[in-house]
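Each of the two complexes below includes subunit A, the first together with subunit B, the second together with subunit C.
Here is the complex of A and B:
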């Protein structure tokens, strides 16, 4: 499965120089990728002959996330090393190349999104590169032989039941499972599990015809102007309606 | 007659050899079991002189058991009475085999004196047991188990004492033959029985038969009791004294440092009874199920599945159930402690608030928490089994070094407008104020930290905080069994502390205080650590904090477990409150000081749901309300939060203030 090393959303994210975020904060495994890892490991426990490989594209520090994935039960890991950040199509091509170099996977699990860029694109590009079907925001997953039954939440409460064949790409949603807390012996074992490092340049990936270019990165200004609304209950209600209609423009008519 | 003496001699010989052999075999089995468990202990037999004093005070002086006065006095009577009859019983045994033995001749004056005293002390056993039976039948405290075991022990002992007195009574009536010790005047109490039952009216033959019956019943009961002891809760008779002698001499203690980097270790924490250490096993042997721990336990008092007494009992049964495998060094064959049919469940282990009321009250110094915390370690590190809601706390601690997951770099934000220097800017500060997570992030806690900072400034203290360099002290993770995470946090702090080498660390929270003071030395950071109640009292005594003599009304103080029972600090907060509120009053709750009732937050419980039984903080809030005090003073931000919630639930008007806030108000 594919995982991503992302900044902890709880941390204060600052913009550093060169339109990059200040990386002197805690990085964690993308939370949706935890669901992906958990599902892959669960599947391995059901099928005896399976190899769970964690793949990521990132800097050397992303090793921590791969070790976490291995502590959760992945057998080995591949780190595609790159110093710069990439858009989803380049990321997908890098992951695809690394995956295909390693072998032909039956299922590729990813998180439905990553909490840093929130592009929601990588898994689709990856499936296109691999030329396999893809689903996103999977909340239920079951596999018999090569048939997969998966339930995806398209919008809140709108579920779609899909049957598909391997090989395929599954984008894991939050409700797919409860990622298990790693046990200490597994954390210790993960330190010794094999991790292959590949330089991105060694994969010889073609530059995509179109791509996303980042022009500038800016932090959201947290500016709030609280007002105190006074008066009788009716007056307050009127003022609130006025505010919602005129200032916030969330009410019609 | 000659024939009877020979038969008696033979039977007694056989009975004694048989009885004592059986007894020794059983004791040897227990001793071997104690030696066969594989857990390591850091215990060192040090400070022997102090231990001898403890032995005289707690075992022979019975002071510890008399902390509960009436049952303690009863126990003292039983203890001395029962002990007193033993030498004479032993002499009678030998005399049964060889009638020529007369210790009285060997130690003429002394032995007569001993018999005189023993004869007076013996009936006190009956007085003690009369009270014990009264307690079991009439008073019936819920923590006292009524069982065959206890009743049999009472019966055995009473028979031993009654027959002892009868033997003595008949003894005085036996004809004084040549070579026999003259017992005249040595049995003041038994002598009364002679007149009372008119024994001297009996024929010499009946007197002889009476003596012999009393003798045989006495011997049979003693030997029966001897065989019964090692298999019953009365093993206490043998194990309590050594357990007390080997007790921890300080109330401060640290959780065992588990080597989490040792990849060769197959297991971490306590998962099976084979992983207990010999000290734990001695603890189990020493318990006589008096129930005092259960009486104090906040979990047991609020209908949770944990009773420290039952826990110890269940551990003992589980140990005995696996004795064969443990003796055979077959650790594989030993089942996990927490398993499907085990009475020790996750709910039992996670109900503990680690308040240590059980350990403090235990008359034989059992350390219940060692069992609980080590089992929790095993549950977390090996099984990843814990109340699910604490997983988020673990993740937050891991990523942002605080239990709520606030951004770690905002740790000093509480002090933004107060001009509090960071250690990086003032590395030579006299005092490093270790604020803690609550003071740094929690809205209520921040107000307490702000009050602290104002007070320190008012007293002109040269202090600084670590700010973003500070991490959670590790208490929550450690007591919740997550030793790996705890050590990660501790290491982080230790590195920072060692870089500054602080002169004094001042803590705003008893949990930080306890861990920094008692557990950080395990990780290479030993610095003087003070809790702020001690420090502010000191500042006041030096005249650096002058109260404005404002009347703050009636206060009551809630003892924090980690200040009180874990570190023995009871006086400082009270003295400080009295001097800050000289014209007001300080009321005490019913359960106070060593018996202070927990708020429910300790042992990581602050971050777990309390779904079983009554809520502990509500129980305590009700007690606060009974004092009639207008303000509850706390010395721990977690206690403050818990009790504020409890009082709010009871719709009480009582205001909860931290002592730092009270000092701030009183010196403004």
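Here is the complex of A and C:
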């Protein structure tokens, strides 16, 4: 499965002068990727002969996230090393090349989105590179021989039941499973599991004709100055209705 | 003349209001505006679309007639329409369906796509979006033959631009899809979708249990609001994860966000900080949210919400 090393969801993000974030903060595995790892590991427990490989594109520090994936049960890991940042097209090309060099996977699990850049599309580009079907936001997964049945969450709680054949790419949603947190022996064992490092430049990937380029980035200052509403419950309710109707103009009546 | 297309989403037989906001993003571009619609809904949407500046409404079908929902098929048919009409810029919504379709179209064309934009400049090919769950904002430039943008629902308001639109049919040629959609199971249809709601009323730790969420649903109904929840309420098992607002839940931009018994963690703010008005009802005057909102109500939500529900019912009848 593909995982991503991202800043902790509780970290304060500071933008440096070079438009890069101050990386002196805690990085973690992208939360949705934990569901992807968990599902892959569960599948291995059912089908015995599966080889579960964690793959990422990132700096050397992303090794921590791969070790976490191995502590959760992945057998080995591949780190495609690159110092620069990548858009989803070039990330997908790199992951695809690394995956295909290793072998042909039956299923690629990944998180439905990443909490840092929120592009929502790397898995789709990866599926296009691998020329396999893809679904995102999977909340239920079952496999019989080479047939996959997944349930994906759509809008307003609608559920879509989809069938496809392996190989395929699946974007894991939060409700797919409850990731189990590794115990100390698992963490120690993960340190000894094999991790292959590949330099991105060694994969010989052609530069894509299209790309998304970041021009500038800045921190957001949160500026809201609260107005206190008080009084009896009825008075407060009246004021709220007034705000909804007159300020926000969201009430028809 | 340059051509721009907008991928239209329908809800209950009508164009989603958020789509009209996405169309307004293209108003300044002096391009010819196309609307791409699926599943025999063009006639129903024509009037609304031409009132908002669309010049040509393209109804996409296939050799077998209207194309039933299948994200892979819709994406491939959409690409054929873009190619046939020589359209290089495509706008859509960063809704669940929009993310699904735009990402597939971008992947199949290997085209640049910026998702969840709050603003775009179609002549410069630039887009603004949040990064790191709303803790930073970045501007991106798309380079390539195509330019795709998914607009955050409600980030832009609908702007009327009355005109006349031509209705055309486009027939795509589709092969068998590798995806088989077996069934679409309807959720609770009387509930408003979080990401597209004008008003969201959310509950957190202060709700105390699952049953108490009923007062939020009751309050939401007369104002057509969606009900959300903080991670605490979801993790406690009071409500489903589909209702979670925040970094590991949904990102929303309603016109009004009413937070009931929510302390306002960084992760929660990541999901709702772009709301127009944030209102907080909390017993604790020192809760983080009470200092980062527009209206702070320091009171017991179990007194305020029922009173508010009564007032709203009086107004809406």
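As a working rule, the second predicted complex is superposed on the first by the 226 of 253 C-alpha atoms of A that agree within 3 Å, B and C clash if a C-alpha of one lies under 4 Å from a C-alpha of the other, contacts with A are read in each partner's own complex, and residues count from 1 in each chain.
We take it that contacts are C-beta pairs under 8 Å (C-beta built on N, C-alpha and C of every residue); 3 or more make two chains touch, one makes a residue touch a chain.
Nothing here was measured: the structure is a model prediction, and the numbers come from that model.
Student: Where does A:182 make contact in the superposed view: on subunit B (first), on subunit C (second), on both, or on neither?
Tutor: Only subunit B; A:182 stays clear of subunit C.
Student: Going by the touch definition up top, name the partner, subunit B or subunit C, that contacts more of subunit A.
Tutor: C
Student: Could you say whether A:120 touches subunit B, subunit C, both of them, or neither, answering first, second, both or neither?
Tutor: Second partner only.
Student: Which holds for A:25: it touches subunit B only (first), subunit C only (second), both, or neither?
Tutor: Touch partner of A:25: subunit B, not subunit C.
Student: On the A-aligned overlay, A:83 touches which partner chain: subunit B = first, subunit C = second, or both, or neither?
Tutor: So A:83 meets neither subunit B nor subunit C here.
Student: Which parts of subunit A are in contact with subunit B and also with subunit C?
Tutor: In subunit A, residues 10, 12 are touched by subunit B and also by subunit C.
Student: For subunit C, which residues are in contact with subunit A within the complex?
Tutor: Its residues touching subunit A are 69, 72, 94-97, 99-100, 102-104, 106-108, 110-116, 126, 129-146, 150, 177-189, 191-196, 198-199, 223, 240-242, 244, 247-249, 251, 255-256, 258, 265-267, 269-270, 273, 276-280, 290-299, 303-304, 306-308, 310-312, 315-317.
Student: Given the complex with subunit B, which residues does subunit A contribute to the contact?
Tutor: 8, 10-12, 25-26, 28, 178, 180-185, 187-188
Student: Inside the complex, what are the residues of subunit A that reach subunit C?
Tutor: For this pair, the touching residues of subunit A are 7, 9-10, 12-13, 15, 21, 31-32, 87-89, 92, 115-121, 124-125, 127-128, 132-137, 149, 153-165, 168, 174-175, 208-220, 222, 224-230, 233-234, 236-238, 240-241, 243-244, 247-253.
Student: Residue numbers of subunit B touching subunit A in their complex, please.
Tutor: Answer in residue numbers: 260-261, 263, 266, 268, 380-384, 386, 388, 391, 394, 396, 399-400, 405-410, 483-484.
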